[in-house]
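What follows are several structures.
Both complexes below contain subunit A, partnered by subunit B and then by subunit C.
Presenting the complex of A and B:
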């Protein structure tokens, strides 16, 4: 009789490692990384067009925008590509013919994508912190009266913003895996995932409006949207930080728990759907 | 224990339908198939395209669910991951992670299969040498030829030293030289006592490698038996004679008739185009030092 096979974090790590290697050797990851870091660094050059906002606020806003936009694109495209390519190229055939659980495959792919997203967030947030620190230092020399109480930027909050965005990107990647686990093409996975991400960003509208709507289809649809989809506005803490206010630890903790819960739900759903899939 | 529970592979009443449309239209890929592959056998799975060979293999490996019936490997249901512990699989037209080098690919699968970390590097080097890709081990798979991809595929299949190998069209699309090289590797695995399930269109190669074959057509088993038993013409013998004067053929025939036999034909023994091609293009794979270690 064959030896028993247990669920193995080591196998998940091996699959994750391969996923990271594939992402790093793909040009998309490097291109997005360079583009995002370049945009953050370039924010210094664009400060002439800040329409009256302070320079530091402009750089912070611009940096947060670059991290959020490119991170969202990276989360959807990388998750869909790295997962679906295994099915489309039939490399999953060889891998799943080994003593590998479907759950290990999904979790391994997710863990790999999560590491890639973490690399992205570390580099881009690091670039943003560096640019802000240097610019603030320069301004402190030019106009020291504005900095009598020390530096204005809450760097800890900027880093916390990065961490929270990573959690959001990870939830987006898990959501994309849900779609990819039953999709027939990579394009379908990417398009549907982006649409769902858009709905999640607008979910707060449904949450606010469903009670105001009369009975009927519109109210039902709004209630469904508000109940099923997560509210990605929970992760939108950038405005407060850009305005020079520190992030409230309670808000940070609440958003992290919210993101973690949806992440777990999406992963469980992706595993369930992928178990039923014929390779 | 019954023959089925002793079997390396047991397929019992397997039927597999694929849903073609949301209206419930289905196509039957495998229809009531039952097979038993005994340990140590080299079993050929033959049939035209669409006969259900690859589907049967997928169900056996747990990659697809049976509609009816069951399959098992060494007595363990294919539905359980542990059924695949002692199995190496080379899929049809293997498409590996092309961004990896040959060594990286084999190392990846060795780690997935739980090859001991202490001997991982040595084991990977052994099997790469065994398939004759030592010099190309550091090259990306995207630069490999079709035959090299099949050989590195064989390396990943044997890296954890499984008892059962399932090879789906291992020589598909490979030139005669590459095909013969892969054939020789399979013969070495056979000599090591591995159980091999081989799906192939190359009937001459199957005849030379397999102990037993099953022929499928439209998902059904149409013939099964030992290769020797199926291809040997019973009651007939062939003599290969050197230096016989053609005028003496008549005398020989008369001599045979007098003893109750008959000379049915006198013809020149023929070689094969495959052999001529290989002899003129490249020598076949030489036995390598890794042969013994790869066991």
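Presenting the complex of A and C:
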């Protein structure tokens, strides 16, 4: 590309806009959104299944689970699918033949997926807040003595949970773009990305156990795992909120900084790899 | 091409290592707080969880629901008298979600009261009845396993008197350790939110240990603070027991405890 062409946020925005439109047209986004929102709305039906926690804690926990699980699936599958759709349909070739940097292409794709993930988080977190608010209101009428100090659920923390999960999903989408940047098929990208996400969720075990391991080889492997992969449990802030406690600002800040760092690193790696890729 | 691929892989590795170091510093404070609230999963727990097919639920954040599923399975294996599976699932349920007391208390009861019967029945079915010494050893082993579970529960619920009462019950009924049980009931009775019966059982234990004077002093101190209008407090029963002890020690009427209305 000519040196006179400058890096353009406007071009990134155009690619992002097209990516969002494409994602919304896909059935997967709608299906996961409906499934997650439906599960959250239906959490009340599982009240009888709850053995220990209070009802509101159970709904909160269940809702957080739905947001996290379906959001993770959406982040991996949508990022891989939308990236490979451009490669397989040869539209990437046409696009990159124009004055568009490969970095702009990757960033545009990522921004589009990030917007889709934001939509998902807003809808599901909104559904959770609504269900909790309504149920808490009903309980306040039945047992007002339990709510003498006002509402028990920290709704601000529930919203903060949603924001942090969005950051995590965005990091997962960026991670998927790293894999997709060198992978040859969509399926390979999805499977490998899910495996990496699983490792990232269990990374803390390697972090905590590498020193206790006996053999040098096992210690080395655990240390490498702990050092190379991010710890996605950094975003597991739901337990405290489900227990009726507000989210700690230090946790919010620390987790957000951690997520931001890995988001930037994964995007940089995806750009680096995509620039070396033959299309 | 190969050299280019290797240098690219090395670069990625270096970047990730650097990010790991920076990230560890950035998130150290947050992680310390988060780790305290997280289930204390070890590598072996993860193996069990994977075997039970609950990893996705656990990693996906459905902690309460996952633990509830595990608890349902625990009860199914308990009905089948499957000791290893029940023990594993109790550990898993309490590890996945340490918040509900029901997992800890009911789990410890299964271990302390049901499992010795299963083990003795299974051994007896294989041949002649087990000698009393061996039976006693089995009962003690199971009691200690249940107490270990409850001690783990106390790490998560340090202010919960019901856990101390449960340990006291097992010590008294299964290990015959009345003195140990009495101390635990006393500790539980003095905790905020303790059920009234903890204080009464402590006095009964003292009586069984022959420490009647101590029991009298304890009951008098307890009765002073008992609400007279709460039927659960059973203030009249406590007063009755005080009178029994006073009669036993032939306390003169003038020196007997005078309750305030």
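One rule holds in what follows: the second predicted complex is superposed on the first by the 275 of 279 C-alpha atoms of A that agree within 3 Å, B and C clash if a C-alpha of one lies under 4 Å from a C-alpha of the other, contacts with A are read in each partner's own complex, and residues count from 1 in each chain.
The definition used in the following text is that a contact is a pair of C-beta atoms (placed from the backbone, for glycine too) under 8 Å apart; a residue touches a chain by one contact, two chains touch by 3 or more.
Here the structure is a predicted model, which means the values were calculated and not measured.
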item: Clash or fit (per the criteria above) of subunit B with subunit C on subunit A; value: fit
item: Partner chain(s) touched by A:15 [first = subunit B, second = subunit C, both, neither]; value: first
item: Vertex subunit A, arms to subunit B and subunit C (CA centres, degrees, nearest 10); value: 160
item: Subunit A residues touched - subunit C or subunit B, whichever exceeds; value: C
item: Subunit B versus subunit C as contact partner of A:185, first or second or both or neither; value: neither
item: Partner chain in contact with A:130 - subunit B first, subunit C second, else both or neither; value: neither
item: Touched partner set for A:279, first subunit B, second subunit C, both or neither; value: first
item: Touching partner for A:99 - first (subunit B), second (subunit C), both, neither; value: first
item: Touched partner set for A:25, first subunit B, second subunit C, both or neither; value: first
item: First (subunit B), second (subunit C), both or neither touched by A:58; value: second
item: First (subunit B), second (subunit C), both or neither touched by A:91; value: first
item: CA minimum distance (subunit B, subunit C), superposed complexes, angstrom; value: 8
item: Common ground on subunit A, meaning residues reached by subunit C in one complex and by subunit B in the other; value: none
item: Interfacial residue positions of subunit A with respect to subunit C in the complex; value: 46, 49-53, 57-58, 61-62, 64-69, 72, 198, 201-202, 204-205, 209, 226-231, 233-234, 236-240, 242-243, 248, 250-255, 257-258, 261-262, 265, 268-269, 272-273, 276
item: In the complex, subunit B residues that touch subunit A; value: 58, 61-65, 73-76, 80-87, 89-91, 93-97, 99-100, 108-109, 111-114, 153, 156, 166
item: Footprint of subunit A on subunit C - complex, ascending; value: 4, 8, 11-13, 15-17, 19-23, 26-31, 33-35, 37-38, 41-43, 46, 55-57, 59-65, 67-68, 71, 97, 99-103
item: Subunit A to subunit B touching residues, read off their complex; value: 1-5, 8, 10-11, 14-15, 18, 21-22, 25-26, 89-91, 93-101, 278-279
